[in-house]
Amino acid sequence: MSMSDNRYPFRMTRRVQFSETDVAGIVHFSNFFRYFEDAEHALWRDAALQIHAETSPVGWPRVAASCQYHRPLRFEQEFDVAVQISEMTTRTIAYAGEITRNGERIATASWKIACVRLDAGNMKSTDIPQDVAERLKPYRR
Amino acid sequence: MSMSDNRYPFRMTRRVQFSETDVAGIVHFSNFFRYFEDAEHALWRDAALQIHAETSPVGWPRVAASCQYHRPLRFEQEFDVAVQISEMTTRTIAYAGEITRNGERIATASWKIACVRLDAGNMKSTDIPQDVAERLKPYRR
Amino acid sequence: MSMSDNRYPFRMTRRVQFSETDVAGIVHFSNFFRYFEDAEHALWRDAALQIHAETSPVGWPRVAASCQYHRPLRFEQEFDVAVQISEMTTRTIAYAGEITRNGERIATASWKIACVRLDAGNMKSTDIPQDVAERLKPYRR
Amino acid sequence: MSMSDNRYPFRMTRRVQFSETDVAGIVHFSNFFRYFEDAEHALWRDAALQIHAETSPVGWPRVAASCQYHRPLRFEQEFDVAVQISEMTTRTIAYAGEITRNGERIATASWKIACVRLDAGNMKSTDIPQDVAERLKPYRR
């Protein structure tokens, strides 16, 4: 049994919902990306930030996402999602995350978002606002 | 066996995808609403219309949706989605739809959308544009 | 403003997740059915029941579902989902539900599930087990 | 503009559906994994195989999945999904895929599935059946 790394600065607990399962009897692999994203957004709220404020001049599209699946999750099981910021550059934020259940590793993931300015419908890379970078600092490992 | 009504003015064929199934081994009931919506939007394209054009001053939120489930659908099965406009008022459009497989009725649905003007983030009921009403007329039964 | 009916025997609170929104800026209408289903399953857990136990001889497919949409929900908004059993026959359970936010009615729904026995891949209507009927009684209105 | 690699042995064309978009106005990143999976399953059908046959003694869970996002997709846009088998071992199959639109690269992905035997609810790694390996050979690059 691989034990979870408990150095993560942010954690939340969830339960598998029926619509998240598939005919193989387990959570569909694509939904793990939603679990990690939901935890990332909860981390932003924990930092008193909103990742998608309607009046914000910047947006945060994904540039990459990957997940490794170690064990399946099933309907109604409770699990923990842990997230940390693994790297922050002037224009991108990289995360690492882990899903565990009773201390057992279920899935590990990493993903990266970029700060963009919306310019006539196009996304242009831009610097992360200073206050956002400041507020996210405590979540870096 | 209840046979399908083939008087519908618009039809499309689809196949069940893996992520649309659930642990009970069948398509999750919420996805039938997506099947019907996808067919509705295909009907609009067939009428040379776009239900969500970026420059459009109006939007089309759902005001009601209902579905009756007669038989399940399973992974990789092909099925037909038929749609008609059952009623059009000055401000709303009501649809009726049917999903069938090999002539057997799988699900029947009805739903209604309203024409709204987006006003500082709020939705206000407004008249259906004349050209939209004209182009949708052939799909009324 | 239409105030919520607080006679519901079961309630839960949720928050809108990013993946539940659509390009119109609001929660996609199909996801309301998932919100109501998640609350229904939480009601079953509250009654010390599992709606989809792996060893259970019976299943509970939907036979009908409908929803009326009064106001939109947006990303990160918190809302309440209330559910009650509106009717129970020997073989079916009908529910009514309501989604509210700050006391304002967002959506109302009704749906029905049937008790079926799985027989060589086919679903056959069967009587609701006695213990299930007993445990669900407190949620009837 | 990065041009697409047209050496892929399998391709399909799709259109973005409304429920696949999010409040940022683009396809939610998690849905790209569903696009690639749908194409993978279409590849299996093209090879006269079923990845999830009800009577099959083996299953094919994901062990890893990753995607890089180069450009966004928007509602109603048509796009191409190309898939190839990049590596096949005795027990795993690795895929590479690419989504393009008008020859422009939208997303690139890689993922791996494992052949497992279902043993009292547990998944145990097992050898890929000979006929499956044979039929998938033409899709290797």
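The chains carry the letters A, B, C and D, assigned in the order they are written, with residues numbered from 1 in each.
Criterion: contacts are C-beta pairs under 8 Å (C-beta built on N, C-alpha and C of every residue); 3 or more make two chains touch, one makes a residue touch a chain.
Fair warning: this is a prediction, and the values are worked out from it, not measured in the lab.
When the C-beta contacts at B-D and at A-D are tallied, the pair with the greater total is A-D. Farthest from subunit B, judged by the mean position of CA atoms in each chain, is A. Per-chain CA centroids place subunit A at a distance of 33 Å from subunit B. Per-chain CA centroids place subunit B at a distance of 28 Å from subunit D. Averaged Cα coordinates give subunit A a centre that lies 23 Å from the centre of subunit D. Within subunit A, contacts with two or more other chains are made by residues 18-19, 23, 26, 30, 34, 37, 52, 75. Remark: subunit A residues 17-19, 34, 37-38, 41, 45, 50-52, 75-76 touch subunit C in the complex.
For subunit A in complex with subunit B, the touching residues are 18-19, 21-23, 25-26, 28, 30, 54, 74-75, 121. Partner subunit D is touched in their complex by these residues of subunit A: 23-24, 26, 29-31, 33-34, 37, 52, 59, 61-69, 72, 123.
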